[in-house]
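Working notes, beginning with the structure itself.
Each chain gets a letter, A, B, C and D, in the order it is written, and its residues are counted from 1.
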Amino acid sequence: MIKVGIVGGTGYTGVELLRLLAQHPAVSVEAITSRSEAGVKVCDMYPNLRGHYDTLTFSEPDARALGALDAVFFATPHGVAHALAGELLEGGTRVIDLSADFRLRDADEWSHWYGQPHGAPALLDEAVYGLPEMHREKIKHARLIAVPGCYPTAVQLGYLPLLEAGLIDPTRLIADCKSGVTGAGRGAKVPSLLAEASESFKAYGASGHRHLPEIRQGLNDMQASPVGLTFVPHLTPMIRGIHATLYSTLTAGADDLQALFEKRYQDEPFVDVLPAGSHPETRSVKGNNTCRIAVHRPQGGDTVVVLSVIDNLVKGASGQAIQNLNLMFGFDEKLGLDAPALMP
Amino acid sequence: MIKVGIVGGTGYTGVELLRLLAQHPAVSVEAITSRSEAGVKVCDMYPNLRGHYDTLTFSEPDARALGALDAVFFATPHGVAHALAGELLEGGTRVIDLSADFRLRDADEWSHWYGQPHGAPALLDEAVYGLPEMHREKIKHARLIAVPGCYPTAVQLGYLPLLEAGLIDPTRLIADCKSGVTGAGRGAKVPSLLAEASESFKAYGASGHRHLPEIRQGLNDMQASPVGLTFVPHLTPMIRGIHATLYSTLTAGADDLQALFEKRYQDEPFVDVLPAGSHPETRSVKGNNTCRIAVHRPQGGDTVVVLSVIDNLVKGASGQAIQNLNLMFGFDEKLGLDAPALMP
Amino acid sequence: MIKVGIVGGTGYTGVELLRLLAQHPAVSVEAITSRSEAGVKVCDMYPNLRGHYDTLTFSEPDARALGALDAVFFATPHGVAHALAGELLEGGTRVIDLSADFRLRDADEWSHWYGQPHGAPALLDEAVYGLPEMHREKIKHARLIAVPGCYPTAVQLGYLPLLEAGLIDPTRLIADCKSGVTGAGRGAKVPSLLAEASESFKAYGASGHRHLPEIRQGLNDMQASPVGLTFVPHLTPMIRGIHATLYSTLTAGADDLQALFEKRYQDEPFVDVLPAGSHPETRSVKGNNTCRIAVHRPQGGDTVVVLSVIDNLVKGASGQAIQNLNLMFGFDEKLGLDAPALMP
Amino acid sequence: MIKVGIVGGTGYTGVELLRLLAQHPAVSVEAITSRSEAGVKVCDMYPNLRGHYDTLTFSEPDARALGALDAVFFATPHGVAHALAGELLEGGTRVIDLSADFRLRDADEWSHWYGQPHGAPALLDEAVYGLPEMHREKIKHARLIAVPGCYPTAVQLGYLPLLEAGLIDPTRLIADCKSGVTGAGRGAKVPSLLAEASESFKAYGASGHRHLPEIRQGLNDMQASPVGLTFVPHLTPMIRGIHATLYSTLTAGADDLQALFEKRYQDEPFVDVLPAGSHPETRSVKGNNTCRIAVHRPQGGDTVVVLSVIDNLVKGASGQAIQNLNLMFGFDEKLGLDAPALMP
């Protein structure tokens, strides 16, 4: 039984960590921090956790207390993990950061997109990008994990087999992505109200979104040429789920794309390639850590369309964080992540 | 490890049994029947089950095959369990019926509300009404369980402490209930379309609903006088969840109703009395077997308002069925039912 | 063509006034105020109004400018109309207040429920409660209208025929009401987020809601005895709509309740009594000023169940305000309010 | 006042015609046909129409009765207008067909996509494709209108300025489209149930959808080269609305795309180009005949992203049909179509 803590536990990724870890047989949540809610019991804020964490209470962040734990999750806005990760790592506590703080390897690019200096550039060399389907071996030995963003997870897993195999033109990629509203976080903002966001659909950030450089970096790692990527995120009126529709152009001949995908992911516990002709639904992964994928080639032409769905709070955040923890601590990769999606 | 089967597994209670049983460490699903889908793999119909039941296939109902199992769930329309239960019981297979077939003890009343003769009146004496909070000991020794309906579960658990204590007038009960649309089943009907049922709210069956006699029978079992009950169900635009708002009039003096509820349910694993002043949300039990309850006395008058929420597919159907199975087979009552609700 | 202004136009009732008045042939909106949005064009905030109010801009409230208009709507939080109404009335501008400021005739009771002194008690005698089905003649000659709240409108119209006819016991009324989330306004609050409020149902204010004294006052006006009312509001996951389910006990014999309702409302342009056995859906009045009503007597007993639906932003606020304006200025009562509901 | 009829009025485009025509001052609906509902009053099926069409009753289709009208709308599945249009046109009744029957000019292509022979190839030369922004003058003199499909409307209006100006490569167009569920019609199908389609997002028809050849034909009409188009439709959990996200590659230099769009649509009553940097929401056109468009050029590169939204039942069907009727009969093009969208 390892002991973990959660920094910044009041948001959706924090409560999702609690929900999932309640079913994890080898992890005990010993601390959860929140400046704004210090002193409040987590089950008073999240009644679904009544009976599961009846004594766990939000506390002020305290580096000493966190340093006594085996691992700490950061479920915080960007910038927070920068300030605390170094001290925790020095003390031997492993850090699994769900924020964007260590996702980009280039501190200057991070500064450009996040509008502030990078707070811990010395740790960038050590940080491992926590996409197990790309970096499983590194993750096993990592001390500091940058858990991928939600859109980047869905997009990278969709393009991975094609780019690794060198079958598509990497300079003309189009990722049209749709997210449920938990992707916008738990902040009280008018556009996220049910009265504003339901019964409507819209794009946002069409001119540039912070997940763009992260996706680009990940796709560049898959092959030699610099990718050209257009990424347009959209808001869809539902709570959870991301659907990525990925367009690219075949450069080589008539490969069996279905077989390519099935082979690439045959040993992956959390990537499920659907039968040819399928259209994955986001609800098929609701509450679950799986990415379901289908690949199409409309009218047999040279355009490939990949459909990739995840739960943004699970494989796109808290579930993937636990998958990383399982790898880091030598547990079965699926431990605590084995419940089927909630459907209907 | 006991072996179970599911008759009529294509509906929402069937797939919910599969979802929940996938996490049950002591149960193996050996058979699932459906005339219409015989030969189809369950994971082709329900992609959330991919990776969990990869070989389980719908089969034609076959009394011999079912008779080789330890227990059989009926997740069927009314009338089906009537025809098969007797033979299974004779062969030593226990029957847990999620339909209405054995809920009413009076065959004539059953005929009146269901518009056809009762198909197995000889079994009525033996059938146990599977509400553990009322009939736990009988359930432990039962061979045939009538799993309560969804509305009846929420309503009975809400009134139970008040009626047992004799504090309210049983002749003027009003149960105003609201259900998500899975309560209407998986049938393809125009009023259940998203385009018809979302962004709208309506009552139905105001003049008489089949759950009325079941609730009445249950409330009568709690005290001596015949109850007078007005029951109005409503459809609310969401997938899962029932909210019962229960009105009654205090006949005795100023009892501490909060303490009454807390004491009555202190040892119940699946009834959670919220702190005074609370308003339970249906989402706090989404996918979960708990009934959460709050009790109010507006303006300190003699009207009591009880708010009771369940997931209609879990505590209102499949979860309660498994809770019964756990009791019947001597397992921990919470086995396989311990995951927190999905929230948000 | 009369000239009107709107004070506090950024909320949902404000934009709904603009939407409806865009179709009103005899009204011109000359001013709309908002401290927070002064200088912003209304069509930049509400893109549905592009092409309809292309020059109308939010301005700072200015009593002189408002005083030059024929009528001013207040779509403000409580307390604002108190401060401005008197000056406007003196200058000859009629005031139609959609807030709670003049709904209760008793200043002390207002203070009790709103937690502050009443700001304009001298105007209470003059204020007319703007429920045309009760006070049409007074409205025609009024200078100051208190537009009824949304719940009070649905509840009063549902009980009106029964109480006027003296058929039910007024001391045991139960109003179980359900509202879409626009009823909570456009404020940025966590519980109103789509991620929190959708796929869930809950009661709120079970121990006391500010609409309770307003409803009680209205029901008292319908007959001689003081009413006893239990009112429990609920939040339902949809944008618009209120459904009131109203319970009462018949004191007299077997009247034809259907005929009673049809007769009482036969000349009302905005109350529609559905055929016997109906269940009104809130979507049938989406965007529309009608209240649709059905009356039931379950199992022929002495309990009457009235089902009453309105659009909380139309008949429950802005549409009713315009209906009042039509009466005050001698227009056809339906002018500008004649479009069918949006369905589906 | 002209007299019109509707063939096949029970579906969503039929009821939407009724809703919109209730506000049209120059049109009287004299007949509405439905084999399945003959004898039923429309307001019994659609309670939002109570008070608007209190005597209009569904009738059996009768060519003689329809032939006495000025115009007939077909709101039918494909194949029905083929059978009746010719006779009506001969008798002098104009035909506005909302189905797919006359959208494709090539009868063979129609047969290929619809799996049956074209039933009225002789009328194809005469049929005018009813997209006023492309064919306004022809529409004015047409006797037979093929109202464009919903996706084709949103896509064509989005690409029109770019293709007419020859600024983009027509051989690599990608239209990623999202529709509310009314696009699937009012048929009782399991995947359209609220319990199945809400809280989920999915693509469908990725390998080929019947709107593909229609869009291709329309885009080919805008410029000389044959277009290459990938079209992927998706289902989004809401009632109404289409959002088209349109990708293309600039071939020429750095044009001012915003100015191009504004100029092209400056005189169009139902196309609204939003300010630079905008993201149109589908709710901004709910119930309304406008197409709102924004154009983006992410990171200043050579990819153009056009965002185009319509209400699939209005500009994508019934509203556009009335816009065509207005042009054909010399009315103001906006007559009866002037109400703002319902928002929130």
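Note that in this section a contact is a pair of C-beta atoms (placed from the backbone, for glycine too) under 8 Å apart; a residue touches a chain by one contact, two chains touch by 3 or more.
A quick note: this is a predicted structure, and the numbers were derived from the prediction, not measured.
Residues touching across the chain C-chain D interface largely coincide between the two copies, over half of the numbers being common to both.
Set side by side, the interfaces B-C and A-B show unequal numbers of C-beta pairs in contact, with more at B-C.
Remark: chain B and chain C have CA centroids separated by 39 Å (rounded to whole angstrom). One simple way to say how far apart two chains are is to compare their mean CA positions; for chain A and chain B this gives 36 Å.
In chain C, the residues that reach two or more other chains under the touch definition are 12, 180, 182, 195-196, 198-199, 237-240, 280-281, 283, 286, 344.
Chain-to-chain contact here is organised exhaustively, every possible pair of chains being in touch. Here chain C touches chain A in the complex through residues 12, 180-182, 184, 186, 188-190, 192-199, 237-239, going by the rule given at the top. Of all residues in chain A, only 172, 174, 176, 178, 180, 195-196, 198-204, 206-208, 228, 230-232, 234, 236-241, 243, 245, 247, 249, 277, 279-283, 286, 294, 296-299, 301, 303, 305, 307, 309, 344 touch chain D in the complex they form. Contact residues of chain A toward chain B in the complex are 12, 15, 18-19, 22-23, 46-52, 182, 199, 239-240, 272, 274, 280-281, 283-288, 290, 292, 338-344.
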